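Okay, so chain A shows up in both of these, paired with chain B first and chain C after.
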Partner chain A sequence: MSYDTLVVGAGIAGLTAALRLTEQGQRVLIAARGVGATHLAPATIDVLGYLGDARVESPAGSMKALLAASPDHPYRHIPADQLAASLTWFTARAGTLGYVGSLEENMLLPTALGVPRPSALAPQTMSAGDLRAGGRFVFVGVKGFKDFHPALIAENLVRAELSQPVTARAVELEAPPGGLGDLSGRVIAGRFDDDDLSHWLAGELVNRTEPDERIGVPAVLGVRSATETWGELERTLERKVFEVSTLPPSIPGIRLYEAMARALRAGGARIVHGVRVVGAHANDGRIASVDVVNATGTVSHPIGSVVLASGGFASGGLELDSFGVTRETVFDLPLIGVPTTERVRFAPGYFDAQPLARAGVATDDLLRPVDAAGRPVYTNLHAAGAIVGGAVPWKEMSGTGISIATGYAAAEAILAPATLAVSEAVR
Partner chain B sequence: MNDVIRDSLDHCVKCTICESFCPVSQATPLFPGPKYAGPQAERYRGAGPSPDSSVDYCSGCGICTQVCPQDVKIAEINSRARAKVWERRGIPLRNQLIARPTVIGRLGTPVAPLANWALHNRAVRTVVQSVIGIHRDAPMPSFAGKTFQRRSRNHHAAPGDAPAVVYFHGCGTNYYEPHVGEMVVAVLEHNGFRVIVPEQDCCGLPLQSNGNFPAARTYVRRLVDRLAPHAREGLPIVSNSTSCGLMLKREAHEILGIDEEDLKIVSGSMFDLCEFLAGLHERGALRTDFQSLPLTVPYHAPCQQRGHGIGKPALDLLALVPDLKMIELDVDCCGIAGTYGLKKEKYEISMTVGSRLFSDITATGSDLAACDSETCRWQIAHGAGVTAVHPIELLFRAYGLDRTSRQGLVAAAMRSASVDG
Partner chain C sequence: MSSLEADVLVIGGGSTGAGVARDAALRGFSTILVERRDLADGTTGRFHGLLHSGGRYAVKDPSAARECIAENRILRVTAADCIEDTGGMFVSTPWDDPEYGDLFLEGCEATGVPAEEIPAAEALRREPRVNPEIRRAFLVPDASLDPWKLVWGCARSAEEHGARILPYHRVLELEVDGDRVVGAHVRSEHSGEDLRIHATVVINAAGAWAGQIAELAHCKVNVRAGMGLMIAMNHRLVHMCVNRCKRPADGDILLPLRTACVIGTTDVFVPDPDETEIRQEDIDLLLDEGEKLVPGFRQARALHAWAGVRPLFEETAEVAETRDVTRSHALLDHSAREGVAGFLTITGGKTTTFRLMAEAAVDAACLQLGGPRACRTAEVPLAGSESHVLYQIGSRLAAREPVPRAEEIICECELITRHRLEDAIKQRDTTSLDDIRRLLRLAMGPCQGGFCIYRAAGILHAGGSIDQAAANRTLLDFLEERWKGLHPILHGDQLRQARLDDWIFQGILDVEHLPA
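And now, the complex of A and B:
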């Protein structure tokens, strides 16, 4: 079956580009080696959290300073109104997950380690965890659930730098009745979906929390109907309740993936996991077909456009071999931000500014990877997400923001010529 | 043995993505999950015994491998580990029996009415459960009596100058669903092909998943011997059984470690039936003289179908049929996993795994569902109480072949693949 666009990668960037294209009428194939970081990351949308060591209060307000300090940053290609439009679009597509927040101010939500995390958007179920106004917090764990440590969160939080005073304490509940075996986040979430554990949880919490405390629970309130479960808990307890991200797997991330995948399927897009895109055949500077390795071998797909959303080093979009050579793994594209072999590739401290961290493809304003002379490598190849160089997402806390902004912009760039052609035809 | 499989475990970064998809570990505490049983435990599996036998509760659906972003061959590692466990313990009679569909088929076919009565008689099944260990409620197909091989012998093929295609029908079609095989042939002939049906036997997949690798290899080699001469002529081989097709495409090499030229050439010639037909359409070579089929049908792409990495060609094809609305289901697994759900100790697990799929099918309000894999169809029919058909049956009807085709097909198409569970 022929497709208009092939998207390489099924993380947030690939899903965003694919869904935008699908809802504009394109037939889209997502080919991915596997599932992306959705299942690992907390599902908050972090646009810009830090400039150097300084926490950012307003992503929109700090964008100019970011681009001055990092001139090759992917946000350079995203006009302010398009960044806002991409987040508005995303919030609407996330639907019942009910994302709240804005580009104007970051929320500060506690992480699984009790560190305040600056996020522009977060699922509704997490939003009451915002630490900015200070107050009394209680974090609730479950015995035997090894991926959530309420005492660690509470102790770290009172040490955190916050403008308003915060108190925090920990409570540990006995495991919910009826369960057997290993208590993983996925298993507990499944029980919230199937067995309705919210009555049990509300019953436990009512006597162990105070009316003026905000209650942080592990983000395991179900995969299918977490927002309802959370709402019911708040109503029953008449207290503020919020989910706190756990160690992986991330249940809020699974919800987000499933919401987007469902919308993609409904629109007729095809998601294929466990395959590898290994190259392209080009004509006149345009990719005419791509080679995909599946169970049979290599299959060529004729294609109109390609979005490369294969991720950075962690996801295999970039590779550093034992000879010190860094390469882009799908189309062997030219890279920026790679230290020359004479220079040191790694700083000694794990959390130091790592020289290799900004490696990735450089693009033009249509998100097309460019060569050293600034010309697009292929006129119909666009890049999105962590494969785009010039950023240090984990330091800046900008990963999901970059993924949505560039995924959306890549889709818009693909759609734009069609829009032009249509308007010309009308004329 | 190629050790690409075992070596892949070094790529595991313990990200837990496989764990969050594993349908079995979410249904039972008896299986600790693909990461634990796979890359983690594998490090401790040397020449000695496996550190634990929980890996036997892996159903082998293969979803873990598909979703792993680091290319770790988790399901393949687990499949080999399971074989090691059984190598030491000795494979029980039940597993030896259900892993040999041709033996069962040859025993049951001549006495089909009696065998079918026994297969669906509660008292008999209760005895079978306690003596052999096949769960009395597990879905069982009915012997057709006359095999597809025998039926196809009387079939007059299209003229010799038509392009030829080789049909690998598998055991399910041969013994239980020969009408599906006849529809496959009719649809291929309708599209101008001459269909060659070589003599054939089991692909060895059930033996592989029950841990008897030596016997599985014997079956693969015997089958490959029969298919390779056609593949060498450059003929495509199509299969309507997604799991048996995947066995020849990939698993016989990756899991059983068969590294022979004949297998390679057969692997490279294998097509899933819907993949083949969708490929024809892509080249403008598929007939699209479809009649209206005003139905709404939920479609489940089985795990082994997704293992092909070919998308969902059944949906691409059925989208060509006027007034036919397909609903793409998004639950990963029906639970049966070949012979897994037949086993006394695993039946409940398999039904728990499938429960969400069953309820999603029920929620569509349709009394018909489509699915490419035969054991999955039997499980869906059993669990959701619907008639479950191969997508080819919908194409066959949309082409109007149930009205124009040879005698016997009309009844077969109407009867469809219903199973009394």
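And now, the complex of A and C:
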């Protein structure tokens, strides 16, 4: 079996590129060491949440200021209309998860510490948590579930900087029947999927909340049927209900992964986990084949294009060794954002700007990793997601936005080489 | 200002001070201990955790070796719950002169430290990750010691015998009446309230800070701070305390400490014991020395680095090399030295000999408190060690396994349950996650608090012991404090972990934008 494109990594960036390519008729192989950051992160689509210390109201409106402050930022390769197109495309593909929001205005969704966190898009199960219009909120914890502390959320939330007044209070429910002990989010989600807990939760909440209160619950309403469970809760209670993201594993992120993986498989793409891409064979500056190590040995795949979506340090796309050398782990690509040996790699304060934070590959406008002279390392290798340097996504709240935008752009570059080659020549 | 009275006031809440307080209380003296920060927050909580057999000092410092083996035997009985009987091994690597082994055996023989040479192949069978090129190996009764358990065990024993233990109480002045020290003026770092403590004898057990305390009574104690760096590694790369068989030097000890192991150490004079900067070259030195003991050490996962300061006492300040200072302790009676009565300083020494130091100090105090009373600390077990059962790795897991889903595990790395955490909060009456860390080892495993710190802050807050502002503050303080020990060693998988933690705290929880 031969493939048109190999995608390295199964996070949102890799899934986005792969799905876009599959839809356009390509045969795609996704080779991944494991699942990506979907299973860790909240599954909101964060395009740009903070510029320095300032909260961003409009990601689209702040893009110019971001690029002025961070000239190497991955978004500099994404034209505004393509960013918008990528999010529209994503929203349609996420299907029943029902993403709402826009690039023009961030929603503010409470975190599990009660901080209003800016996101461009969010699944509909979270959208009623939007704090911009103010209102009355109640946060619901469950005894035995250690990853959600409603009293702290509520007390922080009422002190948050918001344009409209909010009130917030906490309710702590006794553990669900048969659910004593150490409840993990994954276990609770499974019980919601089995329709074991929806009636219990509705019954507990009906007399403990008021009709004009919005009810925040931990984001554990199920993996398979969360949207239905959420809709049923809202209908039964006749109240707005929303999920609040908390510690990993991220149940909403697992839903997103499953939705995209389903679409990929339906389209004929192949997803292989537990393998490692270890290098490429190139001719004339083009990758001709890649070596993939699986449990039985190394397989060489002839390939037309490659999308490197292996993630940053958190996912193993980058590594720093004990001698202070930073490497891109798949193709040993040149990196930017890596302090020289004389400079410190980490600042002494935890919240300081960290010198190594923006490490990653630099790319051209076709998202192809480039060398120090700005030339593509391979003409058919593209990068997407956290492996692209120049951003501090966990501070900017830009991680999923960058992944979708660059994953989409990498796919577009592969799909339309002729047109883009012309526009490149013009430039 | 309120005031308290006691026979003995102890200044310093490390192993020495806690040991002195316990010893004095066991002899029936009314006793108060003050510590400017938390107990075991200074040198004791920052040492490598080796209960010395004495082997390390057998050649160079025989009197220290004799003290170590005697105390080692006593503590295995009286502080059993703080000690894991790992055993110790001295090995000659290709970088070490194998003939030093003969000197080593002679020194051990002369000082009474049991030492037995075993074939290198047998040593490698016991320690498969140790450098296969070792030429000689010697077994000694080294062990692994939990400093927090030790100090808290002493403190609770002291309290059971009527002592008052006051952490977070800083000494502002010593009160001098004529030619006597008669007490101290202290301030609570939590409430800001001042307190006068009148005491017949004041015992300065401030370790590397003893010079600063002595100056308050215009006495001179020439104690210098010898900074030592340690790195905790994520696995037990060795089962025993493995030492290089050579003259003591940097980076020549690797010992298991619960589920981790610790490599130490360096030794550099620092002018101020509160200024301990971790330098990259010292990290590299330890990693390189680790590589000699355990090939592949640099690829293993480093968890955390920290520096402690040894109190090094010298009558004169003329010693250039810290390792040339004796590791025996010094007891200074300031009435004999400067004509200041009611004031003793006990410093120098090491954690292994803390009990002996306490005995010496309280023996001297007795002379000013109406005559000798017998020391009982060599026989009476510490609080928590009454059963005389040595700590065993895996005991927390063993306690949980029969009922795996009985309750929430708040810190999966260290297997800390919700009850245990809630009990600790109550017992300590604390508002600080860092205090809880020292008590329970919360957040000391591979994820360094990535998962448990949010939970613990939520539980502290929900239990009513702190308000929202204090919960936020202790969470942020913890992250800053943790970073100090993390960033010097970040590479490989621990950087990966740290980045995941960045995502959790900054990306998911958005702690940077918490309200005040």
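Here is the rule we go by: the second predicted complex is superposed on the first by the 411 of 427 C-alpha atoms of A that agree within 3 Å, B and C clash if a C-alpha of one lies under 4 Å from a C-alpha of the other, contacts with A are read in each partner's own complex, and residues count from 1 in each chain.
Quick note on the criterion: contacts are C-beta pairs under 8 Å (C-beta built on N, C-alpha and C of every residue); 3 or more make two chains touch, one makes a residue touch a chain.
Being a predicted model, the structure only gives us computed values, none of them experimental.
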Mind working out whether A:P248 is in touch with chain B, chain C, both or neither, as first, second, both or neither? both
Between chain B and chain C, whom does A:F351 touch in the aligned arrangement: first, second, both, or neither? second
With the two complexes superposed on chain A, say which partner A:G316 touches: chain B (first), chain C (second), both, or neither. both
Tell me which of chain B and chain C touches more residues of chain A. C
So in the superposed three-chain picture, is A:T406 touching just chain B, just chain C, both, or none of them (first/second/both/neither)? neither
Looking at the overlay, what does A:L40 touch: chain B (first), chain C (second), both, or neither? both
Once chain A of both complexes is superposed, is A:R262 in touch with chain B (first), chain C (second), both, or neither? first
Does the superposition put A:A151 against chain B (first), chain C (second), both, or neither? second
For A:A112, select first, second, both or neither according to whether it touches chain B, chain C, the two together, or no partner. second
Quick one: classify A:D182 as touching chain B (first), chain C (second), both or neither. both
Taking the stated contact definition, name every residue in chain A that is touched by chain B in one complex and by chain C in the other, in rising order. 40, 180-182, 248, 314, 316
For the complex, give me every residue of chain A touching chain C. 37, 40-42, 50, 55, 111-113, 115-117, 144-149, 151-152, 155-156, 159-161, 172, 180-183, 245-248, 312-314, 316, 319-324, 344-351, 393-395, 397, 399
Mind pulling up the chain A residues that touch chain B in the complex? 1-2, 29, 32-36, 39-40, 180-182, 184, 186-187, 190, 248-249, 254, 258, 261-262, 265, 270, 272-276, 292-297, 299, 314-316
Residue ranges of chain B touching chain A (in the complex, touch as defined): 13, 15-17, 19-21, 25-26, 28-30, 32-33, 65-71, 246, 249-250, 267-268, 270-271, 278, 281-282, 306-313, 316, 328, 330
Please name which positions on chain C make contact with chain A in the complex. 280, 287, 298-299, 302, 404-410, 418, 451, 454-455, 457-459, 461-462, 467-468, 471-472, 479-480, 482-484, 487-488, 490-492, 495-496, 499-500, 502-504, 506-516
